[in-house]
Every structure is written in structure tokens, then in C-alpha cells.
């Protein structure tokens, strides 16, 4: 069954691209259902920072080889420390995406045992992909202030 | 009573021949790179590049060692390969080859290989260990067809001494002109490809997979010694082939032509080993790399099958 | 004096057996007792045309001893062949005992007692001049080995040793019976054999019985189990010394009792007796299959066990070809194998003593921690791989020459490939145990373990330089078989095919080594830690621990290629035979009803048949 | 032969046989295949791509470096044997290039390891790369390519800068500044 038939509330952005907006407690159910209905490729998990709304948008993207259809499951969670359930029991590769989002946005995923440092080893500041992190200021305060090697 | 003057002369000749062997080996490195470059439509390095490389490695300012077992690699590989060269008849001139035979040479070739393996293992790098594993397995693979052909030749010529085999091929009675050994030469040439570690059998080195395998931790003078080993190895292995199938390059007899024979034979020997090496290079330039199981299956299924046919041919042909 | 020796041995057995609570004292007593065969050997050196130096003249053992027993006479007498094998065993045995003194921390009295009893049995076997004596001492040896296997405590090892030991004893006993039936005497010297099928059957049975002890395939099944599950000093003696007794027996009966000319009368192929030819083929197969199986092992002792099987296969090849060249090669291989395999097993014991591990994938980097153990085993490994800087090469070389001389076109490549395969498993030991990442912070093995190892390395170096001395040793043995020793000088061996000059090799090697050393000294160097290694730029210290030791499943591609062909091993074959035997056995069991009446009927029937047969005859 | 001549010979040898290791961090690695293969053929100069730093003489850093990558670069650089040379590829190694305001890429490679030759451009064309090689030869000939000596001499400063970058801590940068004033 195609995603449109499974979930009547889904909106079709254009042909072959479906978007489902839902709540965070229903995500697992939806992914499970889609997985059972030929949407067996988990493409990626991405995150958007809607700073004015005070929300993070998590987008789970799936693909069906049978219908050639791309489904995006979008949920919004609060920016201030709201955590999300890990989906790694459905697709093991989600673990790595969750690890990255944890590092870049600071979203906590309950049930993921591997939320350790990914690229930023020993990063002491705010997660850098949040919109309130001023990267230009950080670069000027940090990289440009590392002294040159002085030759006597 | 030992004749000290004779002994001194012999030792000096041995040193000279060894130095010559190394010199030719380094030249071959340059020639090989030049030829490969020309095949790939490049200009390539100058022909004397081998000398520059080795000198550069020996003039490196700092060298590292992973301990005394690591250092053994440099010592054993250079010493062992020079030793194997001394026991080969070169252009019909046998230095020590009367004192040992073909089995001895085959086992002497294991000294540098085992020393090298010791050093590589002592470096503690996993790539080196994997490289040695591949090298030993390639060795196991190519030895079977090679040994079959060599034993067929030993039984045919009724000797195990390489010097005698070369003598029996004098006056252009080269083994390659005998039909069975023409096929044998093809089999042995395939084995030579593995011995020289040229593609498609450069599995042990494989720079893109395991970072040059056993050599991964060697730099500076240690690598210089290993390069000497590798370059001299080319000379030793091609000379072995030439001695077996191409009469060692002897075309003039010394008793008839005197010193002229030495010069001519030497030039012919040089051209022949260059030719044998050239074939290996041509194959090297156009082939990708085998996996280790594929190499083993190639040698043991196809190459060794032809080797077995040669053995049967000799078995039926030779009466006790 | 022979009786005195035996008496001292038996007393030693009782004393050390009682001293079970004092392992050190028991070990020292056992060590002194174990030296006696060596002194006996020295005093008998005149049979090898060696004159003793004057300060050893006081050793004066009688050379023969007889005792009349009901059916025959027990005769013990030294022969050149016995002397040679006694040389191997009696020089190995004290070293093994010396090693054990520090190896055992408790409960060692039984071990020493059983070891002394084993040596006593071997001593008798080597001196025996009749089948009765031979068999008695063979059983003493076999049963005391069983005691030592039981000490290992592994059920599979005990069962396999027991069943194969029984099989071996049965085959030998049956062969002896046939020979006695044919000749009517037990004494070797009085036997006059002819080329009848009965003698052929007898000698086949006897040789296959000895092949069990010599671990020839497919009789080798017990060896890996016993070698890998018993105590290390005993395994060193078993592999190094006792396995040679099987080949002693084969040589004694094939060439001493039956003789080359009689062997030839059962058919020859290109100048080699068919009997010997088949033995050589079995030996070549053993050498190859043992090597391939050794490459696949992860347990250090199992690897050495299979390597032992493979190396012993070479001796069988030499004994099969049977020319003076081949016999010299076989004896040389026996000598080398005694020493290098004992060193390797003792080194494995020393490694176990320090680390408590036998698995190659769990060891690593001991070369820098235990340098002397490493060097001793390196020499042993050179000898095993027949690298021409130890005497191991000369033996293999003689065997290759013998095979080419007799035009063994299909056996020689297998021998050579088995030799190359030896490099593979030898490197597995080197890398897995001694090189690579240092995983254990241990001390060097204790001195009383190092000394035996290094003493056992010595012969490998002496006979490298002077292989001619060894050929001198074989001359009296070959004389007994109406053969002459191969032409030689102290440091060269000549054959009809080629010449091998050890001095040339050694001096040339030293020369080239000096050349390499000058190159090597040309520049200074600094030592770096093994952690400072190129791992694609990954600094290992950033993570908790990355193992850089790649020794687990080291030859995986090799196993992938070869495993399918070796999956159904010899063990499977014996299981099938056993299953067939069980069907027969359960049929036979129906006879044993347990009712006395039935048994009396059987006895009556038996007598009737016997009487009837006697009447008809 | 005296020491002067010897070191001159060593320089000539090292010039004519530069073995390189290239650290493929950014898009710069894309420009290496034409340089190595028949179009430009750097083997003419005896240059050769090597697989491990132990064997290499010249280090090509081909593009931007994240801090995590810098750790590996330093490790590789320290594993190379003297004399060793570094070529910085493209704008990224000079001032960060298009990553000038990225929170995780270092801006100036020469603060962390000594760089002998920089190639400007985003990305540099193969001609520029060949030119840089010739420039490096020239410098070696004149004895100007002394980056490896500088690394030994100012080891403390290089190590301090590396440590600062690895820590990401603004306060460490300030502390050193104050130390310098004193």
C-alpha cells in the first residue's frame, strides 16, 4: 500500500514526494508501518532549527523502491531540552544520524547507547548548528587568536 | 695449504660481482619505471633514478627503529640476497655455484624473505602482518609450478647443480629449444611474475590496500636496505630463469675465445635478464591485481596443471 | 652394568614417586638418574668407531647381556643403530628433566617416575636384540606414556592414545607372531627370511604398528590430542624423542631384519622396492597434510603437533627410498627433529610458564620480553624451515637429493611444497607469539629453563658446520646393511648429483652480513615505541585500546581455500571404521550371553574343532 | 668528503627523489591524478606517491582541515623522517578559504606545522602544483626549505598551538596571550 492510502492525513508536495506531519509519539508506529509496506530504505534523519517558534523539526526520510516514492515524516519538539525516543530498533543506521544530531543540535535521544562524540572531539561550547551559536564570533575569538609561531 | 693470493682474488671478485649485482639491480629499477611510464604514455623518471632513490634513503637525517628484531630485517635482507647471488652462475661464471645446488639457492632465497618478515612483524603494524601473510601465501602459490618445472629439469639433466645445468646447455643447446621445456619456461615465467611481485601478483605490497604491506614501517636506511634487496632480487630471480632456460646467456666458450668470451657472455646475460624482466613489466603495466585466493587458485589450478603435464612427459620419457 | 642401570632406574622411579610432595628434590634426583643412559652411551661409543678421551675411559659398561627365560632368551646388546637413537634420546632426556625442575611447582613425583620408566622402556627397546625383549620394553614404554597422558587429564587424549596404543601393540604383536611362526626364533640375528607373502604380511603389520608411534597418516589421530593436552616437558620428550622410536622400529625391521635385497624381491619400481615406494608416498602425503593442518591451528601446541607429524613424514620418505643417501637424510632429519622440536615445545612451555596462555591469537610481543627464549626458538625455527644457517637444511637437502637421484618426480614437489608450507606456520609462531604488539609484561624464563633450550640448540649449529661428522656417525649403521656411507669431508657432502659445502655458505653469509652491517651502521637511529605506528594517521592513544595484533585468523584466505578438502579428516575415517566395527561387535556380543551353560558349550565346541583340525592335519 | 659537500650531495639526492604522501582532506586531492598521470607526469622529477609517512619526504595537505583531521595530520607529520617538506594546497590551508567562518576548520596551517610552500587558488590548477614542485626544488637547492628544522627549533610553540586548537577553549587562547605579555 502506498503512503497516501496508509495515512490519509499525508500531504503530497509533488508527485512521488509525500510529507506526513505528526506528533513525536506516533513516529515509531508510522515508520514501522511504512517499513512493512515496502518503504524499506531509510534515507536519512535531519534536523531543522526553527528558532522563532522555539522548536526543532526532525525529519525522517524514507524511500520505496516499489513505488519510487519519498516519504518525509516531520515532527516538532521543543528546543529547550525536550528529548526524543530513539528509532534504532527499526533501522540500525538511525543510530549514527541520531549521534550527529545530538552533537550538532543537542537533541537527546532516549534509548540510543552510542551518543558519544562524533566529529567535534572535546567540544565544550553550545552545539554549533543551533541558530543562536554565533560561529563568526567564535572563529574570531578562537582561531584568529591562536598566535603565529614567532621566530627569533 | 691454502693459497692466500688465490683466496684474496676470489674474495675481491666476489665483492666486485656483488657490487655489480646491486648496481644492475638499481639500474633495473630505473629501467622498469621508465618502461612502465612509456607504456602509460608518460615521460618517466631518468634511467638512473634507482641510484638516486637509494642514496637519498641512506642520507636521510633521522631513522627510526622498533627494536633489534626490526633491525635484523635490514641486515638479513641485504646479506641474504647477496648470498643467493653469489651462489648463482652469472653469464657462465660460477663463483660459489659449484659449492651448492639449486635446492640451496631456493632455500637461500628464503633467508632475506624470512629476515624481512621478522622485521615487519617486529614493527607491530597490523598492515605489515597482513602483508607478510599475503607474501607467504603468494610464495606458497607460485612455488608449486616453479618447483615442478625445476624438478623436471633436474631429472632430465640428471643433476641438481645449476652450474652443471648451465654447462649442459652450452653451444646453444638451450633448454627453451626443447618443446617440453618451452612450455616449462612459460609456466616458470608465470611463477616468476609472482616471484618478482609484479602485477597481477603484487598482492603482498598492494599500496592502496595495506599501505605497502610489510614495508609500512620502514623508512630511511632500513627502507634503503629493503630497496637494495628488492632490486637485487630482480637480478637474482631473472638470472635464475635465464640460467635454467636460456643457458645462462653463454654463447661463446671461454676455452675457445678467452677473455672476449667473458665480455660477450656478460653482455648477452645482461640483455637476456633485461628481456625476461621486460616481459614481466609488460604484464605488470596492463593488469590489475588479483586477490590472494585468486592467485592461489590460478597457480595451483592452471599453472600447476601444466607443470604436472610436464612431469608426466618427463616421467614417461625418462627410463631409469 | 646394564642390569645395574635398569636397577638404578627402577629405584629412581620408586624414590621420586615417593617424593611427590617435594617436587624440587624429586626433580634433582631424577636429573641425576637421567644422566646414566648418556654415560652408558659414551662408554659404548666404540661401536661407532669413536675412541673416548682418556679421562672418560673409566666408563666401562658391558656391551651385551643375556637372560634365559622360558620360551627364549632375553638379549640386550648395543648396535650402531641403537647407539644412534640412544644418542638422541639420552641427550634430550636430561634436558627435559632439567627443564621440568622449575616448570613444576607441585605434584611432580609421579611425573618424574613415569618419565624415568618411559626412558627405561626406550633404553630397552634400543638395546633389544630379540622380539621378546623388544615387545616387553615396548609395552613398558607405552604404558608409562599412558600414565603421563592421564596426568594431562583430557578424556579425548586418553581415549585416543589408549585405542591407538592398543592398535599399535596389536599390529606389532601380530607381526612378531607371524615372524616367529615362520622362523621359529625370536632373535633377530638368527632369523632367515625368504620372499614369501607371510613375511611381507608380517613386515607390513610391524611397520604399520610402528607408524602409529611415528604419527604417520592416517595413524596420526592420537598425536594432536595427546600433544595439545599433556604437560609440556613430556610433550617435548614425546615429540622429540619417543616418536623416533617408531622410526627406529621401522628401520630396524625394514633394513636390519628383512634387508634391502629381500624388500626388492617383492617388486621394484625404477630401482626402489615397491614396499619402500609406498612408504615414501605415505610419508610425502603426511608431510604435506601435516603442514597444511598445522597452518590452520590456533593452539600453539596443536600447531607444533601437526608440524611434528609433517616433519616426521620426511623421515618416512627417507626410509622408504632406502638408498644410503636417503637413509643418511632420514637419520639426519631424525636428529634435527629431535632437537628443534624439543626446543620449540620447551619454548612453548616457557611461554606458558610466564603467561599462562597457549592460544597464538592471545599471545604477542614476547620477543623483546623473553629475548633468549625467542632466540633459541628462532634457531629451532630456522632448523625446522631448513634455512641454511642451521643443520636443518642439510637433512632436507639429502632427502631431496635422494629423491631426485631415484627420479621421484611426483613426490619431490610435494616435499618441497611442504617445506614452503613450513614457512607459513613457522611465521605464525614467530609473529603470533614473539613479535608484534607487546601484550604481556613478563620476565625472561628462569635460567633452569633457558639452559636446556640452549644446550639443545647447540647440535643444530655444530652439525651445520660439520655435517661430515654426522655422516661419519651413519657409516657403521649403513655398514650393517651392506651399504657404504656417502662421500664426504667434515664440511662437504658429495652426491652423484651435486655438492654441498657448508663452509662456503657460512663464510659467504658472514661476508655479506658484514657488508650489510656496514651499510646499517652508516646512519644513527632512534628507537620508537610500538604505539608510534602508521595506522592511516590514527593516533592509537586517542582511544582506550585498539589491538594492533593481527594474529587472530591469520591465514584466513588459506583456510578458505584448503579447509573444504581437509574438513573430513582422518578422525572421520576412523569413526566410520569404528561404526562398522560396532556393527560387527554388537553381533559378536550376542555370543556373550552370560549364562555359564552357554560358555561351557563354546569351550566344548572349541576343543572339538581343535581336535578335529589336529586329526585332519 | 667534508661535511659541507656531503650535505650538498644529500640535498641534491633529496631534491631529485622526493617521495610524497598526500593527505586527501578536501577537494585538492582531485587535482592530484592529472599531476601524477600522463598529462603532467610528476615522475619526471623522480616524485612518487607513497603509501606511508615513514617512506615519504614531502607532505601534501590538499585542502581544508577540520580540527579532528589536524590531529591526524600532526601524527603523520611527526612520523615522517627528516628532512621533510610540507606543501599547503589551496586557499583553505592559507586562511581558511571558503571556510573562513567555519567553527571547526583551522584557518592557517603554518600555525600548527611548518609549511614550506603554499599554493594559492581554489583549487590550484595542476600547472600551479607543478610550479610549486619546481619552487620546492629550488628552495631545497638553496637550502631554504628548512621547515623541518623550524619544527625542531620552535617545537614548544607548535605544540602549544596544536594543543590550543584541539581544546576549542577560548580561555586557553587568552591565557597564552597574557603569558606572552609578561
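When the chains are written out, they are named A, B, C and D in that same order, and each has its own residue count from 1.
Keep this in mind: a residue touches a chain if its C-beta (ideal position, glycine included) is under 8 Å from a C-beta of that chain, and two chains touch if they have at least 3 such contacts.
What you are looking at is a predicted structure, and each value in this text was computed from that prediction instead of being measured.
Taking the mean of C-alpha positions as each chain's centre, the chain lying farthest from the centre of subunit D is C.
Chain centres defined as mean CA positions place B nearest to the mean of all protein CA atoms.
The greater number of contacting C-beta pairs, out of the two interfaces C-D and A-D, is seen for A-D. Mean C-alpha position of subunit A lies 59 Å from that of subunit B.
Look at where the CA atoms of subunit B average out and do the same for subunit C: the two points lie 36 Å apart. Among all residues of subunit D, those that touch two or more other chains are 52-54, 71.
Subunit B has residues 60, 62-64, 211, 216-217, 220 in contact with two or more other chains.
Contact of a single residue of subunit C with at least two other chains is seen at positions 532, 534, 536, 542.
Chains that are in contact with each other form these pairs: A-D, B-C, B-D, C-D. In the complex of the two chains, the subunit B residues touching subunit D come out as 33, 37, 40-46, 49, 52-53, 55-56, 59-64, 207-208, 211-212, 215-220, 223. Only residues 23, 52-54, 71-73, 75-76, 79 of subunit D touch subunit C when the two sit together in their complex. Residues 119-125, 128, 133, 135-136, 138-139, 141-151 of subunit A are the ones that touch subunit D when the two sit in their complex. Touching subunit A in their complex are the following residues of subunit D: 66-68, 71, 96, 100-104, 106-108, 110-111, 114, 150, 154, 157-158, 161, 164-170, 173-174, 176-177, 180.
Residues 532, 534, 536-539, 542 of subunit C are the ones touching subunit D in the complex.
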